[in-house]
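Going in written order, the chains are labelled A, B, C and D, and every chain counts its residues from 1.
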Amino acid sequence: MDNTQKLIELFKEFPGIGPRQAKRFVYFLLTRKNGYANELAKLIASIRSEVYSCESCYRFFQKDNTENTHCPICRNEHRDKETLMLVSHDVDFENIEKTKLYNGYYFILGGTIPILEKNPEYKIRQKELIAVLQTKIQSGLKEIIIALNYNPEGENTLSYLQHILEPITAPAKIKLSTLGRGLSTGTELEYSDTDTIKNALKNRQ
Amino acid sequence: MDNTQKLIELFKEFPGIGPRQAKRFVYFLLTRKNGYANELAKLIASIRSEVYSCESCYRFFQKDNTENTHCPICRNEHRDKETLMLVSHDVDFENIEKTKLYNGYYFILGGTIPILEKNPEYKIRQKELIAVLQTKIQSGLKEIIIALNYNPEGENTLSYLQHILEPITAPAKIKLSTLGRGLSTGTELEYSDTDTIKNALKNRQ
Amino acid sequence: MDNTQKLIELFKEFPGIGPRQAKRFVYFLLTRKNGYANELAKLIASIRSEVYSCESCYRFFQKDNTENTHCPICRNEHRDKETLMLVSHDVDFENIEKTKLYNGYYFILGGTIPILEKNPEYKIRQKELIAVLQTKIQSGLKEIIIALNYNPEGENTLSYLQHILEPITAPAKIKLSTLGRGLSTGTELEYSDTDTIKNALKNRQ
Amino acid sequence: MDNTQKLIELFKEFPGIGPRQAKRFVYFLLTRKNGYANELAKLIASIRSEVYSCESCYRFFQKDNTENTHCPICRNEHRDKETLMLVSHDVDFENIEKTKLYNGYYFILGGTIPILEKNPEYKIRQKELIAVLQTKIQSGLKEIIIALNYNPEGENTLSYLQHILEPITAPAKIKLSTLGRGLSTGTELEYSDTDTIKNALKNRQ
């Protein structure tokens, strides 16, 4: 297999990229000036060494010239120590920060648990979560918000988390909450599924 | 304009039907056996005379040989007299009944109020609603659930209803509630808008 | 089953209409003024008696007060007697007339032949076609253009027609032609299937 | 702007990639093993130096350890010297080779000519094409097939090419042909535009 083919294979592993687009990427690189390809290569090679995974929430953050091993949010003393939010991926964290509504801390699970998964404990950062919880409890944690997608895999991950967290949160009187359900922007009753309407009714205000 | 053309024009007024499909309907009728077209015509001509608009909730229901002017639900003494749900259309009512979660009564507004509408009172059954409320209050109404689409026109209709209902409900200590908001089936945090996430956070449980 | 339900069932038979839209049609009729429903019913009941199926090409045409049993096109002496075009449906005929490029006569097959169909002769107007051909041949027919969709069912119908027509056309030295194949408006080579490119190459000019 | 941001910006220039997917690419790289990112970087940096643009047809091909400056196809003596096909991009060439129907040579124009373009000669490899044609004519070229997308920009490029090539091909009695037009796979007459039907009629066989 020649290198062009090898590169196509690597691009095919990119999220949401099929064989045709992978090939277009290669042609795109071939037609762009050398400077572009070289800077791209340099950044790809260096990016991981320049990005830390926060030792407390495990999200990625840009290293600065200090020796910080915790991300700016985890270092921020002014956030609410009483709430911790569990999300699957960094992008979820970003979307929630955008709302400017949440002022607590985060923990990035790093994945979700497929239905019928044999080894759920390896699909998310379970050990790390348990460890982090100990410290958080010391510093007055009162609520854990489990913020996952509302789809089968998210539901499965949710019940697994509730199952492993209850033994820790119950004695410590920590509330385990999940995101509210109901109508989301654009929902029309005529086209909604029964679950959504049920949730909207139960959670009416 | 010949009758074929006239018929196409009438079909074009059907919800969601464009010129091409309207024409296909006509060809469809021409190729079907006469019996089909005749029965269709008979039913279309008779349907309105056989269907009542309930004098209490205003939804359509099939006349029976009794003189009932109220639909089976409004006649049902075993439903919960303390709650009344306001919906825009009959189809919304049907979807909510499907959930088997709601046991109160309904009122069909018959429409929604477009943004910047000059005469909102003519876009929904306002007079009829006010009248119905008087009787409902007599019989112990405690909550009005406003169940509308979560889109700009639904939002506009909601605030208009809150505005006209408060003077009636406040003194009578009737709760005005709306459907809960948050994640609906299938929602993924990565692709959700800020409003949906905000609602999901506020309404977490 | 009450009449509302019956009407929904009839609308569900309309081309491209599912249960949900069928129900919306009924609600639409219930909310429209009586005049609308009555005129619609009148036209639906009368349309077939006012429309002839042409005795020569079998397409539908509006009856006029004459006793014409042939459509305006078949009556038009100035069209080209040497070519006859076979199409599946009236809508295909209309689209071809729009091009103003064809000046011969037509024959509406009234359908297509599904793959593996046991009784192809009943799926199209085969008897009628054979009969019409006799007269057309008398009046100097030189070419039959088979104009069908380029999809599996169209292809199947095409080869069936070639099979039954050859015995008639060959001795009479009548050319059997089909619509040209190649790039259609908007086709991009990068996204084209192999067949389309093959046809475009073979038929290059 | 930190390097993560810089990398997102570079990915945003990839064909068909928006800000959201660009970001997902970066997270994808951060979560993959280092080996992956390093090999990707290595290939991206080296790919251009390992790929030649053929001096005859200008398509990209993998360098081998020989000093070949012509691609395998242009070096292949057994292909048909009488036909040359002009295409916009390497991907078009690949799709046409897939058909195994064409055995002549190619020339990659490297682009298309936007409508109202001021300097068309810079949008395609015009100089190179003229030069290549001289040699091809020496070796018995009899036909040039212009194989472009059937869309406005492709049409515009086609007429420009015909305009600049005629002075060369006419005296040399070289045929200038274009890809055939008509129904492409899946075309249904009911939904076809007039141009496609016109072409299908003109090019009937």
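Points worth noting:
Basically, contacts are C-beta pairs under 8 Å (C-beta built on N, C-alpha and C of every residue); 3 or more make two chains touch, one makes a residue touch a chain.
Just so it is clear, the model here is predicted, and its values are computed rather than measured.
Chains touching both chain B and chain D: A, C.
Although chain A and chain D share one sequence, what matters here is the overlap of their interface residues, and that overlap exceeds half of the numbers used. Distance from the centre of chain D peaks at B, each centre being the average of the chain's Cα atoms.
Averaged C-alpha coordinates give centres for chain B and chain C that are 41 Å from one another. Between the CA-based centres of chain A and chain C the separation comes to 55 Å, rounded to the whole angstrom. The set of chain D residues touching two or more other chains comprises 89, 91.
Residue ranges on chain D touching chain C, taken from their complex, read 87-89, 91-92, 95-96, 98-99, 101-102, 145, 147-151, 154, 177-190, 192-205.
Touching chain D in their complex are the following residues of chain A: 2-4, 6-7, 10, 13-16, 21, 23-32, 34, 36-48, 50-51, 60, 62, 89-91, 110.
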